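First the structure, in the form of structure tokens, and then the observations on it.
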């Protein structure tokens, strides 16, 4: 029984990590149809913010929950103003330019902080015991934060005026601007928020994964797979894909080991894309958020 | 004249979410006819057209082209039956020359030598000789429509489907297009989707009027324009 | 193939290549020749992407996947078979099959351009992360250990079917240049065949190609597979040039490089990406030595600048200037003729009036 709970915790944690690393990308893609290849670097920058600020004495919770999203959010706004806004409608060019940006960020961080970790920080909160098995309490915390984050994004999109205006712009930007909405500002804010969410995720995961300039690459494959498998709906898609892919990954990893677990995740994603080329929410839960 | 039915749809429907763009349409067309599909914007003409060409897979119902079940087939499978298609927004190869565009169409169904002579003939026929080496993307709109027509005829199809061939053309260009279409009709059966009433008068005998996804009336141009229901639908007096 | 202007330029380029191949080992140092072999392998990769993207319109962000698979497959096969002859063929075949399977999923699944770019990139990154974990002794194919992030050493090429006669580095250089030149000729020929012209048409307007009656899915699959095979061949040369293959071949940086060669060199030409790859190879090597600017940084900047300012790449931009300069001169000559004719006529009229 204890094994069951410990395993369940692991799997849910795996799902939550997928949601965390994918949500920022999903927001930007779902709202603006921009695939941001520098997404991994937003996560990386969030991680660096946390590690560097905690090493200079900032409280870790503050660094993770406030500082990381703030810093990366601002960077996101700058990126949107200086680069993305010139490439709207040119999807391939946006892909290429954000790829260049990704390289740029990696290069900058490597130049400033060197190619190795600044220092790692260990996960706070220690250990909890489930019968004979001990799990990291931090994992529980991350699961909780993920749920809160999803609810928060849902609340902003569904219940606030900004969310309404943003959704309108996403569905029909000509109409929205005819109604007096500054679509430029909406895009800027949306991109910034997506970046902030990514920064938050990166910061939260920093104690678990450590930070390196190249860590963006390890995130980005999984994030893309999840977002593409999920489809156009930001929350429903990301959640559904994360549950499916994370679940299969977790179960296979338990049965056969982490490498085959990864392979199972990929194989599932490939089959999913072949059967549902527009993602899960391209066919099911179509009208959901 | 009672020639065989070459195009038929049975209870054809196309739904987009809750919208019934095409609603249980039963349509048929005889060999060598030239039928025009008309109707106000949103009536379902272009959607119906796309169900015939394979660009859309209908929600239900059948499309039959000369014994072949064309329902939900891919465009290249429909084209393979000998069907020539011109789309609403000209689908041409902008980065290639007029010659290359037409050659590609001719070469699909013929060997190299025949393709070359067909290309030359088609360019002659459509009077595109002066611009044959020009990039299609740089041509004026009317010329691009003619290049597309050229691509359609170069394949020597027996069934020709045209979606708004006269759109955006000057009066002279429209007259030229009418000539071309009459020529094509001598060999092929045709369906033309159009808005321009003058144009339709010049080319066709029988007309099918679409409204809200269904066929409202099917008859000659004179009868149709005199019909009070058609007037309502176009001018919007009262409810339908 | 007919002697069009383009074909004449291409023939000239091939001639230059052949002369270079024959002359270089006598003129350049051995170290440079060995280095060049690596550059040549990368040029073959650039050629493959130039073909499928520039001409076929297939946006593949992960062309290095087939390159790396070719390198790994060659190494594994050569280790197991004890000689290189079959290994080369197996490597190209494996790369082609991989491309065919991936291509089947993407093209027959009607995946859009943008998704295709992301999927191909993701596949490459997956190969990267999977191969990095294969360090233990249990990870092997036949006798060949996969070696994890340390990679595998590639057995050298040998004379066909004589495994005890390995080729010297100059000979590897010859083989590499041979593959590059022949590959270039094949690609140039291919794009002028009916098949190639259809592939280009599909790039221009896929719907119209379908309406003409071409099964575009098949054409794209064929192009993609051919591109994969060529990249695989490049991988074989790379294995010999570098000696040791690591999973780094699949990383983001190298995948980006491939794209950058095509963007910088010129989409829509074959020579452009090849030259772009040589140029960037030496640029990045030089940057590596002086150590002031990080490679990632420079590459990222180049990519951004080119996307924003020089979208067609260097070669087509030059060709464009050349062409517009020629047509301007032609126009000026015509103007001059017209003016002379007018002035002659008016002076004739003047004479007639005077009489």
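Note that the chains take the letters A, B and C in the order they are written out, and that residue 1 is the start of every chain.
Definition applied: contacts are C-beta pairs under 8 Å (C-beta built on N, C-alpha and C of every residue); 3 or more make two chains touch, one makes a residue touch a chain.
The model shown is predicted, which means the values in this text are computed figures rather than measured ones.
Novice: Based on mean C-alpha positions, I'd like to know which chain lies farthest from chain B.
Specialist: A
Novice: By raw count of C-beta pairs in contact, what's the busiest chain pair here?
Specialist: After counting contacts between each pair of chains, the winner is A-C.
Novice: Between chain A and chain C, what distance separates the C-alpha centroids? Give it in angstrom.
Specialist: 34
Novice: Centroid of chain A to centroid of chain B, CA atoms only: how many Å?
Specialist: 48
Novice: Could you grab the centroid distance between chain B and chain C? Build each centroid from C-alpha atoms only and quote it in angstrom.
Specialist: Comparing mean C-alpha positions, chain C is 42 Å from chain B.
Novice: What are the residue numbers in chain A that touch two or more other chains?
Specialist: none
Novice: Per the contact definition, I'd like the list of chain A residues that touch chain C in the complex.
Specialist: It comes out as residues 35, 37, 83, 86-87, 91-93, 95-97, 99-108, 110-111, 216-218, 220-221, 224-225, 228, 258-259, 262-263, 266, 270, 273-274, 277.
Novice: Can you name the residues of chain B that touch chain C in the complex?
Specialist: Listed in rising order, the residues are 53, 55, 74-76, 79-80, 85, 87, 91-96, 100, 104-105, 107-109, 112, 151, 155.
Novice: In the complex formed with chain A, which residues of chain C make contact?
Specialist: 59, 61, 105, 109-111, 113-115, 117-119, 121-122, 125-126, 128-130, 133, 251-253, 256, 259, 263, 293-304, 307-308, 311
Novice: Which residues, counting only chain C, touch chain B once they are in their complex?
Specialist: Per the touch definition, chain C meets chain B at residues 194, 197-198, 200-201, 203-205, 207-216.
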